[in-house]
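These are the structures, in structure tokens.
First chain A sits with chain B, and in the next complex the same chain sits with chain C.
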Partner chain A sequence: MTRAEFLQALEESFEVDQGTLEGNETLEDLECWDSMSALIYMALADEKLGITVSGEQIINCKTVNDLLDLLDDKLAA
Partner chain B sequence: MAGGKVENAAIAGIACAVPKSLKTVAHEQKVFGEKEANRIAKNVGVFQRRVATDGICTSDLCYSAAEKLLENLSWDRHSIDLLVFVSVTPDYVAPATACTLQHRLKLAKHCAAFDITHACTGYIYGLWTVAHLLSPGTLKRALLLVGDTVTRLVSPGDRSVASIFGDAGSATAMEWDNSAPPMFFELGTDGGGAQHLMVKAGAFRHPATAATRIRTEREGGNVRSDEDLFMSGTDIFAFTLREVPPLTQKVLEHAGWDLTDVDAVVMHQANLFIINYLAKTMKIPKEKVIEDLADYGNTSAASIPMVLAGKLAERLASSYQRLVLLGFGTGLSWGGVAMTCRPVVVPAITEVEGDDISR
Partner chain C sequence: MDMTGKVMMVTGASSGIGRDTAVLLSQLGARVVLVGRNKDRLSQTLGMLQGTRHTIEAFDLANTDALPEWMKSIVQKSGSIYGIAHCAGTQLMLPVRMLKSQQVEEVLRTNVVSAIMLAKGFRQRGVNDAGGAIVFVSSVMGEVGAPGRSVYCASKSALHALTKSLALELAKDNIRVNCVAPGTLRTEMLEEAQSLLTATQIAEIERMQPLGFGAPRDVAHALAFLLAETGRWITGSVLIVDGGYTAH
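After this line comes the complex of A and B, so read on.
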């Protein structure tokens, strides 16, 4: 799975329009980012890439790109 | 992990009681706005839940469930040798709530009674403890009373917990029976994660003071005091992803079963998103995963018996059921059991009003 494909999967799970997420968005400013979407992101990381992200790692993320960086090892270039 | 086979102990009946008072998603809409409240409700699967008002305690709900169960079983109260109460919401700091319930239920003075402090894994701990104590045959009959009134620990301004929890109490009658099918347990603990699901103040490490009672704005705009329940949803989810699938596998292995042998899987009713995701990742067929979140929410220690006495009541009353029960949460702790349940007495879930209680 590529970075772009993961972004698209995130958009589908967050139920937002395709193209809403580009990567440089600040999580705090995103309407679709809350405690529930953090779980959705974790489930996707676990299901698609076999990565268990911790709560602490998510707290340290400021942008959508930061979330994707946590998965970098398993995302195809 | 601890666990193993326990023989000669059987469940004879299961009953539950809930407060009559309801809160629906309309209540959360007023606090968090319609859009966010609906989004949370859809994801966590909770549309209404029962709330202990008028000072209703967990013991009151368990008492009502036990009365109903004893009536239906026609058990002589003097035949009960053991009462175990499992909860994180007891009546007093001391004594054990089990002792007050021995008296209220008019059980004999030869009855042993004690409490176990556990929440989401509480029902599994209760079954495991009582089954072990009955197994040698010295004690013949036991009442396992498991429940919580977590809504009394929750800040209404904390969206991570405010709309999930409901209150309930359960009573499970168990007896020594040398023809009972064995139960297969597995239990585990990771106290290193205790802070992820915790009520910090109000006991002895951080005694209650005027300051611990003050609700302030915390992470994500959530409003809470140190005497309110704190839950880190992401850390709890990460923990369940890590521990629950291997737990399930261990329990099945002990019993020599695979998923096709199982009639129903009842997980702690954490929330719908977690249950659905765990079921998917463990490849459990959807029809075998039983949940009651829409009507009752997460009732903490009572969540597994609530499903047994509610959604599974007819099946449990009329047929043999091969069950896998899985608890996980506060501690952090986890526990599971695989057991064949013979037909048992399952009265309808009762409702308790504040006025009903003779304390």
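After this line comes the complex of A and C, so read on.
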């Protein structure tokens, strides 16, 4: 799975329009980002890539790209 | 709370509440049948028990159809079972939009169907002939809700309803059925903290419990009280042991 495909999966799960997320967005500015969406992101990381992400790792993320960086080992270029 | 010579089955005896309950029941004189999936971890619990003649039964309670016959086989080895502390269970934290039916079914099978089949197995002739007690371990999440916990909450709430109906149905067999609903324990919190929650979220949960996080022994005491003669006029009850979490 590529970064773009994971981004698309995030958009579908967050129920936002395609193209809403490009990567540079700041999480605290996103209307769709809250504690539930953090759980959704964790579930997607586990389901799509088999990666377990902790709550503490997410708290250190400032942007959508930071979330994707946590999955870099398993995301295709 | 003397339990000398009584055979008590403890499920989920590999860790947490189950392990501590097994230790407490052995200290009260019971012969304990330790049930769990992992034989090595059950052996660790066995080494912590007081007294002798305790046994280990490695069994997956999700194997619900085989459960009643399996209980008969235990009685042949250990003698008639007086009580069950059903501490085994599973958790799930996932928003409803991400749920798959298979995940829901797995939680309900582990937390609800197993409890029902355990009760069915317990009341069989030859397993329990002189009356006794069952105590299920649910959660405060069976009384209140939490985002992302809908399936878990539903499964624990189901145990509360199950407790009341079984209490009425099994009273004529001289079997009492009760439930203990714990709040958040320090051990469980540590496990969850590593996977799902931030330090801030953990602190928020602790703030909601006026007496702070509990310990497995706090819940074990309640289980022992309900299983022993001290609970002889108590059936169909859900005893909340939560450090004040649901008092809000």
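Going forward, the second predicted complex is superposed on the first by the 77 of 77 C-alpha atoms of A that agree within 3 Å, B and C clash if a C-alpha of one lies under 4 Å from a C-alpha of the other, contacts with A are read in each partner's own complex, and residues count from 1 in each chain.
In this text, a contact is a pair of C-beta atoms (placed from the backbone, for glycine too) under 8 Å apart; a residue touches a chain by one contact, two chains touch by 3 or more.
Note that the structure is a prediction, hence the values are computed from the model and not measured.
**Student:** For A:Ser13, is the partner it touches chain B (first), chain C (second), both, or none of the two (neither)?
**Tutor:** A:Ser13: touches chain C, not chain B.
**Student:** Applying the touch criterion given at the start, work out whether A:Glu5 contacts chain B, chain C, both or neither, answering first, second, both or neither.
**Tutor:** neither
**Student:** Scan A:Ile58 for contacts with chain B and chain C and give back first, second, both or neither.
**Tutor:** It touches chain B and chain C both.
**Student:** What part of chain A is shared between its chain B contacts and its chain C contacts?
**Tutor:** After superposing on chain A, chain A residues 35-36, 39-40, 42-43, 52, 54-56, 58-59 contact both chain B and chain C.
**Student:** Quick check on the complex: what are the chain B residues that touch chain A?
**Tutor:** Listed in rising order, the residues are 36, 39-40, 43-44, 159-160, 196, 219-220, 232-235, 237-238, 241-242, 273-274, 277, 280-281.
**Student:** So in the complex, the part of chain A that touches chain B is made up of which residues?
**Tutor:** 34-36, 38-40, 42-43, 46-47, 52-56, 58-59
**Student:** What residues on chain C touch chain A, complex-wise?
**Tutor:** 93-95, 97-98, 147-148, 193-201
**Student:** Which bits of chain A are touching chain C when the two form their complex?
**Tutor:** Contact set of chain A toward chain C: 13, 15, 35-36, 39-40, 42-44, 52, 54-56, 58-59.
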